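In what comes next, subunit A is part of two complexes: it sits with subunit B in the first one and with subunit C in the second one.
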Partner chain A sequence: MTAVTEPEPALRRRLARARPAVLTAVVVAVACLFAIGPFAYLISAAFKHSLVLFSYPPHWIEWPPYFGNFRYLLEHTAFLRWASNSLGVAAIVTIAKVLMDSMAGYAFARMRFPGRTLIMAVMATGIMVPTAVLIVPLYFLVKSLNIFDTYWALVLPPLANPVGVFIMWSYISALPPEIEQAARIDGCGPFQIYWRMVLPLAQRGLVVIATYTFLVQYGSFVWPLVGTQSSRLFVLTTGLSSLQPSLGATNWGVISAACVLSMIPIVVVFFGLQRLFRAAPAAAGLKG
Partner chain B sequence: MAAAVSVQRADIGSSEAPDLRRLRVRAKLRRHAIAYCFLLPNLVAFAVFFAWPIVALVRQSLERGGVLGPATFVGLSNWKAAAHDPTFLHSLVVTGKYCLMVVPPVIVLGFGVALIFSRSRGGGGSIARVVILLPVLAPIVAAAFIWQFVVQPQFGLASVTGRLVGFGSLDPLGSYSLALPAVAALDIWRSFGFWSLVLLAALLDVPRDLYNAARLDGASALRRFWHVTLPGTRSTTLIVVVLSIVFTMQAFDSVFILTGGGPSNTSETAVLYMYQSMFVNANPGYGAALGLILVIVIILLTGAVVALFRRGGRRAFGIAP
Partner chain C sequence: MAAIKLTGIVKQYRGEERPAVDEMTLQIEDGEFFVLLGPSGCGKSTLLKMIAGLEEPTRGTVEFDGTCVNYVEPGDRNVALVFQNYALYPHMSVRRNIDFPLKMRKMPKAERHAACESAAAALNLQRLLDRPVSELSGGERQRVALGRAIVRQPEVMLMDEPLSNLDALLRVQTREELLRLHRAVPSTVVYVTHDQVEAMTMADRIGIMEAGELVQVGRPKDVYRQPASRFVAGFLGSPPMGFLTGQVEERNGSVYLTGPGIKIDIGATARPPSGSALTIGLRPEHLRLTSDGSGRAGAWTVELVEALGADQLVSLTAGAARLRARVDATAEFSEGSQVGVDFALEDARFFGEDGRAVGS
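What follows is the complex of A and B.
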């Protein structure tokens, strides 16, 4: 059955092979357009004066670009302070959570102890509690701990988020247990096994948790809004929302510039972590 | 001879058994202690900043007042009132509708994109990956503002495009029927990339030999998906489905910032109503009861999804390794 003797089936086969490729390209193109469209428009708005933004027919691209929005943001607001607060808090929470969650995930995945099922069930239930529900009791708790309106109030409560434990539990459960058994026979204690075996092998899980925690933390809004008060503790989200006045006209140009700038650090951090993710060994590649 | 041996054994047993048993018990206790050492940091954080606030919330739900005067114990009356509150029941319906608008598109888009990425090698694929993940990265406040640039009536992308093609300007957030879908679109936009990333991680861990074996057996792409991809990523898929339902049921930030529940409650989700009872109506006890009822609803729903998944899974993946 070669192409020379039967050209038609060969052509049909080639078409059949091409169809998924075309479909793939169409799906990816639509998804990309959906994802990038709002950003493209946002960026074009950031380089326009607000008056131009409201004009019709629309000026899609303003040339020469107008930098007044960015200048206003850097000169008349504490944007850089908000950004460094956001980055600092998110970094600390992320490092703490990666360690805490991988430890707990290891205990749940590999150890049997009384109370294990109960603790897991309670923590799993914890995932289902909306953060907004906890805001009021957390507010009173933070007040009574005397850490209201401090950096502690921003850093400590997010450490209770149980999602990462379960991500880590699923990653560590998927690791082949033989490697740990071998290490145990070689005389490694549980902490050595965790540090030397589990952490390196579960790197992908660690990167996923770090990414998740950083993203959630960088974007968290309601808790920083309630848990802090003074403007020196503003993070990007609370700072951004302070740009929209409760009365009077919103300066959409400045807001678009702030949105553009607030994307830069998170994009850098995120794709840095992605690099790590791709460099990490896949768990399934271990058998050999 | 045989009797002598058995006597000897019994002797050894009786003299050493307590020691051995004590050693075994001590080793077991040590193992448990080590396990709790690994758990300790998480347990402390969880107990202080999660479990304790929940306990406080339960107590609060049994009280009335507490904003201006001292709180008084009122038993279950807040809970009973919630069950007959038409606004609360309406907000639950809105939350359900919202879930139906968000979760299926997110799962389908997320899985589809992850599948494509797991096969593409470099080139345009890596650019597409970056592009699709961008919305995930936007902090919620920024995302909500960005979405304003899509749905705002005067300069929003939707409205401007509508005017250019002759529809006239659109104001989705001011419309009874379009407000909720417009917010749902924001949540789809900003979450499908994250779930596709999680699913991609699982897809990359499915051993390639399984695909090759299936291909050698003459399995079509659809069958390979059904019998290799799905079973291989089953636990992750379950987690993604459950978590995306749970997170969507908790929808608050996006609605709060975009519509505030309007117009006339058409986009008021349950969490938003709870927030309003607590802060706007200054009735923290009632708000606490609403929040706890919502948590119970979410737990029941999650249990149902997991059970469904298990049953369906056993049927579909029964032969899988």
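What follows is the complex of A and C.
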């Protein structure tokens, strides 16, 4: 008897080839569900009255949608002030960080001065210290500078974070030095080289720092809670926590509405800055 | 235009054992097209950067028209530099690249515009003016780099291997374009290259560098015909000069150079004394091949024949010795056959043990 080997059916071969793709799609779908689920629940809760929020079986979409949570937020809380504080502080810190980090990164990448390596080492050590460890010394520092419970207390401490300097240092180090040399011959001084060449060419690094700083600052909670006391200095995070009463029931609908509104600037900033990642790479000016 | 004078220039980088440029003294005349030629790493680009002001000499002075410019910023020296990799500003259009040096010198907008148009016309760049440089080919980028250099009519134009990234055809075209440009927009040009064809075809004078030192300066023809050292002789010419090393022997009133497989009659002219080592240098085009095995260099075996179109290169061996001859394309040679090698004594160059030329 001879064994007859039939050719594998085309359908089975196609399925076998598609299997890894199907597996990937399933894993990605489950991950998306985990990521999007809480957001969907938050948005759903923002448009529901607190009384029906925990009803069983749950209603994902309430129709007609309930806008009372938003109305309460805008009419009976200082939400707009918290939002303007958050946006203002995050914007100032972001702009200042982008300028300071890019200048420092340029100096470390291109200039040779005594103590350069030592300063960089000290800054690198600073990155390794956890933020929680710094809170108490920072509190005493702010107190001794007489800026406790002022806008300065919100703006100045985050500027000392050296992460952005290292990001810019690595971006600027990778730029071809010939472009800066050409600019020197064309008549640029150090600041003009920084302003006209380094900044436009290191745009991707700036976008990384701007996005990172804005998101960290906008979501910062512990330091604004420690560094300020007055309700007029509340930012969104501390303001939202004040909506949760120490006694009595929490209005989760209002908190959900506040969270939904708080997310809008983050989405706008993220998508707004994203297109700047497509800046011309520096290598475009070199040999073709 | 400006004359450039370098006096005792030394550049020693920290941590390096040898200086990149060592005691270089050189005078480049006003309006001259001077080519610095040498292998990679010999210090020619470092020297160019010291003239530009991008590097500071460790010792020595750089003078433009008799004025020391050691402490003058690059932007104030009125020099332009065309980089090997062009170094265009990638975030600017072609027009803004060419316009940039004028803008930094605060030239009025109308004048800048006219100067840009004129530079673009000289380099046939008009239709590319509003394109970003990232969209240009290598040859176009090279022309933009030239445009940025010529637009402000510098006194000194420095070029650091500007053709090395172009393909062979484009290199020939651009070479001609550069020479035309030098005649149309006269300035003192210092051109760095490791390509001896570029040096020979473009230079008024060539300076040849080896390991940070200037070993010979002269007109291309003179340097080619009378190389001062074995290094220069081997560096210039394609294919390069062939060398045969042996010992001087006197027999029966004649002087011979003898070595493994060779015995060459080098005449009775003034040479090192008998017994001393000597190298004879022979250019391929100076060799004549004879079918009967006669000739000053004796009989050699044809190893390889390479047809080049107008002529052919014949590789020859005699024991361990090797030579190449450039002969007419119509001559017939078969590989493995024996031929005689002859040459005129006045075409040969002799080098002593230290590599320097001996005799005249």
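We adopt the following convention: the second predicted complex is superposed on the first by the 245 of 288 C-alpha atoms of A that agree within 3 Å, B and C clash if a C-alpha of one lies under 4 Å from a C-alpha of the other, contacts with A are read in each partner's own complex, and residues count from 1 in each chain.
The criterion applied here is as follows: a contact is a pair of C-beta atoms (placed from the backbone, for glycine too) under 8 Å apart; a residue touches a chain by one contact, two chains touch by 3 or more.
Since the structure is predicted, the reported quantities are computational estimates derived from the model, not experimental observations.
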Which superposed partner A:Ala83 touches (first subunit B, second subunit C, both, neither): neither
Touched partner set for A:Pro200, first subunit B, second subunit C, both or neither: second
Touched subunit A residues, subunit B compared with subunit C: B
Touched partner set for A:Pro176, first subunit B, second subunit C, both or neither: second
Which of subunit B and subunit C A:Leu53 touches, first, second, both or neither: first
Intersection of subunit A interface sets (partners subunit B, subunit C): 282-284
List of subunit A residues in touch with subunit C within their complex: 176, 178-179, 181-189, 192, 197, 200-201, 279-288
In the complex with subunit B, residue positions of subunit A that touch it: 20, 24, 27-28, 31-32, 34-39, 41-42, 45, 53-54, 56-58, 86, 96, 99-101, 103-104, 106-107, 111-114, 116, 119, 122-123, 125-138, 140-141, 156-157, 159-160, 162-163, 165-167, 170, 174, 190-191, 194, 204, 208, 211-212, 215, 218-222, 236-238, 240-241, 252, 255-256, 258-259, 262-263, 266-267, 270-271, 277, 282-284
List of subunit C residues in touch with subunit A within their complex: 49, 52-54, 73-76, 79-81, 83-91, 100-101, 104-105, 132-134, 136-141, 148, 165
Subunit A partner contacts - residues on subunit B that touch it in the complex: 31-32, 34-36, 38-39, 41-43, 45-46, 48-54, 56-57, 60, 109, 112-113, 116, 124, 128, 130-143, 145-150, 152, 154-155, 157, 160, 163-164, 189, 192-194, 197-198, 201, 204-207, 221, 235-236, 239, 243, 246, 249-250, 252-253, 256-257, 271, 274-275, 278, 284, 287-288, 291-292, 294-295, 298-299, 302
